[in-house]
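One chain, chain A, links the two complexes that follow: it is found with chain B in the first and with chain C in the second.
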Partner chain A sequence: MNKELYINGIGAISPQKTFDNSVFLEEVLSYSTNKMMCVDPDYSLFFDGRAIRRMSRILKFGIAAAMIAIEDAGKPELDAISTGTGFGCLEDSEIFLRNIVAENEGVVSPTPFIQSTHNTVSGQIALLLKCQKSNNTFSHKGFSFESALLDARLNALDYNVQQNFLVGSSDEVSTASYAIMSRMNIFRKEPCDNLAQLASSGKGVIAGEGAAYVVLGKAATENTYGRFVDVKMISNPKDEATIEKAIHAFLALHELSLKDVDIVISGLCGDESRDTLLKHCNEKVYTEQTIVGFKHLCGEYMTASSFAVWLGAKMLKTQQVPESVVLRNTARTPKTILIHNAYKTSHSLILLKQ
Partner chain B sequence: MQELISTLKQQIVEQLNLKHIKPEEIGDDQPLFVDGLGLDSIDALELIVLLQQKYGIKLANPEEGPKVFHTVRALAEFITANQKK
Partner chain C sequence: MPSAVYIVGRGVISALGDDLSGNRQSLLQSQAGIKAITRLNTRYSEMLPAAEVPHTNEALAAMADMPVTTTRTALLSMIAAKEAFDSFQLPDKLNYRAGFISANTVGGMDKTEDFMKEFAVDTTKGKLHDVIHHDCGAATELVAEKLGITEVVTTISTACSSAANAMIYAARLIRNGYLDWAIAGGTDALSRFTINGFNSLMILDNELCRPFDDTRKGLNLGEGAGYVVLASEKIVAQLAQQPTVKLSGFANANDAFHQTASSPEGRGNFDAMSGALAEAGLQPADIDYINLHGTGTANNDSSEGIAISRLFGKDLPYLSSTKTYTGHTLAACGGIEAIYSTLAIEEGVVFPNLRFQHQMKELEFEPQICLLEGKEIRHVLSNSFGFGGNCTSLIFSKVNE
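Here is the complex of A and B:
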């Protein structure tokens, strides 16, 4: 199944000012926190007043990120929309549940209920675009975005060269989910400096959120960033040898070896218990590559790997590796990029090429 | 009746999150849907919930909806008639 797809448009809304595609991390926002929230663009540029009044945060930043990517790609007709989300529309789910309690299981406002489902973002994108083609939302914890990418590759298996696919993900930090996961000791106990987080070793992650989308096409355009080659999911690798074997096999499938990889975008999250295997790979496997981090910019969430794809695509197009993301520099130019993400014990490999 | 109309305008703006409209800008006889205030089918559901939560009135016959929710005045008249029962 060797079907490379061209990345013809990208869009991201994150805790950094990523909504403007004309710049590339020129200004990096520093937080002293254990929770990073999205920097909002002017949403009135994307939605009219009537549409925006019902939208929760995830709907606004999810749909806007998709619109940025579609606009960037030159507004092609889409043949499929594939999205991933770990937790779906949490804020509306919480409002709906609170209303049920407040009204003693009586009549409640329908809007939060309608918008509480996991596929609300992809559904709303389709409604706005009047796109009646394939529309899938994947919710598989740390493999949610990766599953959406795989869906696009499966969609690309036929012989129509004019096809374009929108692939992305959205996840939000909500008040209740943050409180619950704090009690489970998932987040850092004390606020910490996000930019120093990956260099320090501590317990807990900085909670993050965001949406990032790419328009993948079978044909290149003047705006092409690079190629999305393949995605591999490795569930619960038992030891270092297992993950190393999977990395080599994945690259070999595409007639590559480690020496061909220039940049590794590593999903280090700053929690020493979660980062063990990634640290091993960075020190013992990716010895010749420039290592780049990204979760100090967007925080940790189940679909953070879509932010890494946005970052990789930007590096391929600009041929720049911003200083703010470099963890180890071996002065390689970004031609072949391997994203190695991990959400707890869900490891994924995403291969991008110029 | 006028007091109820003013209260309803406030409740409609609040329930439907019409941030771009002030209650006093809604005309008593201005159509609420489509060309008037521009409300849609989800708003209709929200208005049914408003009727039940705030006034204890259930819209028994859905076919009455377009008439009952045509304007704020029509809604006020429906509430007045049904609360008296």
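Here is the complex of A and C:
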């Protein structure tokens, strides 16, 4: 059953300078606040000036990340587009809500309403590419991106004729979401250094955002980074035994055992209470693997796992594990990578291979 | 041919009724649920008719057995999903790999917009409890947890095609062995956000909507939830009562024309309908009834009608828009209309397109205007088209056809 998909192009816009595929975390940006926001590429390379002024941040970085991945893959014709977004287009939703309040439901501009729809990023990508094929948007907390990945996996299993799928996610920090989640005590209170955050034990996460897309193809190309094998979502694992069983079963399904896994990309977010199960796995399950973190680079958000896929793909292609992401080094070369993410109590496993 | 996926349970709540039998009765009696708005607090209550579920949140919470503070989106979802779950007659059904694939467009917006009244003035104000279930996934999680479903739980948000895409996703998960059965469909509650949004686009009719009528002026919004239970052949083999309807074809396409408008020729609509036929291995002539997307906007009905003419030629099946009864329930419409499609097959009926009077100039056909009974309905095509160019068509077929 050769139903694996090759990662043939990647694109990420994040709080790090990830938009340039020719480099790989050679420079790492540090933040001393509890909020990390995207480093913008030159958007005039992607959109005209009028569009840039009209578009919200999530539309700009979401669509541009997709375009970088498509360009990187050599602009193949796409057979499906699948996007995940936990919160959708927050900034436009907020503007529209505020306008309704301010005008007491009077005359309001439709633009933020139009752009607030959750499928705006995916729809705009289709519009720009004139792609009339399958187009899906998933919005389900920490499983938004994973559901989109599973959509591509189903495409690979369902249709032998289809060749290239664009899969990714986007989420933004908005003024209101940051204010509201601050009131909910979700973020770190004290000033924090993001680069030291995963090592320190504390309460609260650093707010993050970003977009990352991959082009998955049924055939390898000269640009192939590695393979995406499968994804597994684990809803609210009730204890350590449950998550361990799920990890072993997922690997066994692909005729692998733990010893075959070289690198674990762990979704530690720096909040003690949220990280309990992941820490357990890193200490007791992934004992021989090199453990890599990523949320100190992109922050915590519902679709941060797409950043981890970008990171994994880069490691597979360059065969490098940048010092800035290593949490525990067992000197394994990156051939088989398991991403184990958690967003609150939603755990997910994503398997990548060379 | 890929293995079939069967409809083994149903649940629905809309302005027509609180359950399947209530909806069925209103449809057969040609009773629309569109009226002046009484429940939602909006300045448009007397100006813009809508199809509200005629219950307060308190009443819905009692029906759903959930806290009264729950978002209306989740309450509607729970009531319909529970009916679907209970109607699925498989012993020990939670011992199988079960999924809940839901859909909504604005999540817990009904509470967020109350929160925003205070928050907009002072960001330290507003009850935080009103926004904890703002995201689309929250309603799905609450319902899945209450039903005890864990294997695959997710939410699709592709505007007005959301529930239809949820059913496709569930069917593909079942076909590929990820799930044995799944509850799939969608939910949406009426909100000021959507009323003001659609109103700002000037596509709401201040009278009762008239889909596929030349004098149509726009849509009426509605609310509700609709879910089917989809199951594999393996599960069906264990059921005492065999299902009568299966999901035989589906396709998701994109119009790639405009963020909110359909292409004049309905190219995405055409791709979705022809793709669903191909997937089902059927010809246009095999379709006995089309449950139209038929919102009542000038643009949708024209594009949809032109695409239907191109695909079906002059030999058209019966057609009607049941949004003439339920209003446009957005992410829920694909689920609610899937259930109406199964009723059409089971009972050999075609529900009329209410209030139709004038044939559209650009079309050579009219929708069905009176209730048809005693017809052999083997295959129904159900359309759901939305913002973002999202176009989805589903085909429901009588088992053994």
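We adopt the following convention: the second predicted complex is superposed on the first by the 348 of 354 C-alpha atoms of A that agree within 3 Å, B and C clash if a C-alpha of one lies under 4 Å from a C-alpha of the other, contacts with A are read in each partner's own complex, and residues count from 1 in each chain.
Here is the rule we use: a residue touches a chain if its C-beta (ideal position, glycine included) is under 8 Å from a C-beta of that chain, and two chains touch if they have at least 3 such contacts.
Every value quoted in this text rests on a predicted model; they were computed, and no experiment measured them.
Judged by the touch definition given at the top, the superposed model places A:Gln289 against neither chain B nor chain C. By the touch criterion stated above, A:Leu157 is placed in contact with chain C alone, chain B being left untouched.
Using the contact criterion defined above for the overlaid structures, shared-chain residue A:Ser14 touches neither chain B nor chain C, since it reaches no partner. Shared-chain residue A:Pro110: touches chain B and chain C both. Of the two partner chains, neither chain B nor chain C is touched by A:Ser169. Look at A:Arg53: by the touch rule set out above, it reaches chain B but stays clear of chain C. Using the contact criterion defined above for the overlaid structures, shared-chain residue A:Lys133 touches chain C, although it does not reach chain B.
Between chain B and chain C, it is C that contacts the larger number of residues in chain A. Of the residues of chain A, those at positions 107-110, 114 touch chain B in one of the two structures and chain C in the other.
Chain contact summary for the complex, chain A toward chain C: residues 81, 85-88, 93, 96-98, 100-102, 104-105, 107-110, 113-120, 122-124, 126-127, 129-141, 143-144, 147, 150-151, 154, 157-158, 176, 179-180, 183-184, 233, 235-236, 302.
Residue ranges of chain A in contact with chain B, taken from their complex: 49-50, 53-54, 103, 106-111, 114. Of all residues in chain C, only 2, 42-44, 105, 107, 112-113, 116-117, 119-120, 123-124, 128, 131-132, 134-138, 140-141, 144-145, 150, 152-159, 165, 169, 172-173, 175-176, 178, 192-193, 196-197, 200-201, 251-260, 267-268, 271, 386-390 touch chain A in the complex they form.
Residues 15-20, 38, 42, 45-46, 49, 52-53 of chain B touch chain A in their complex.
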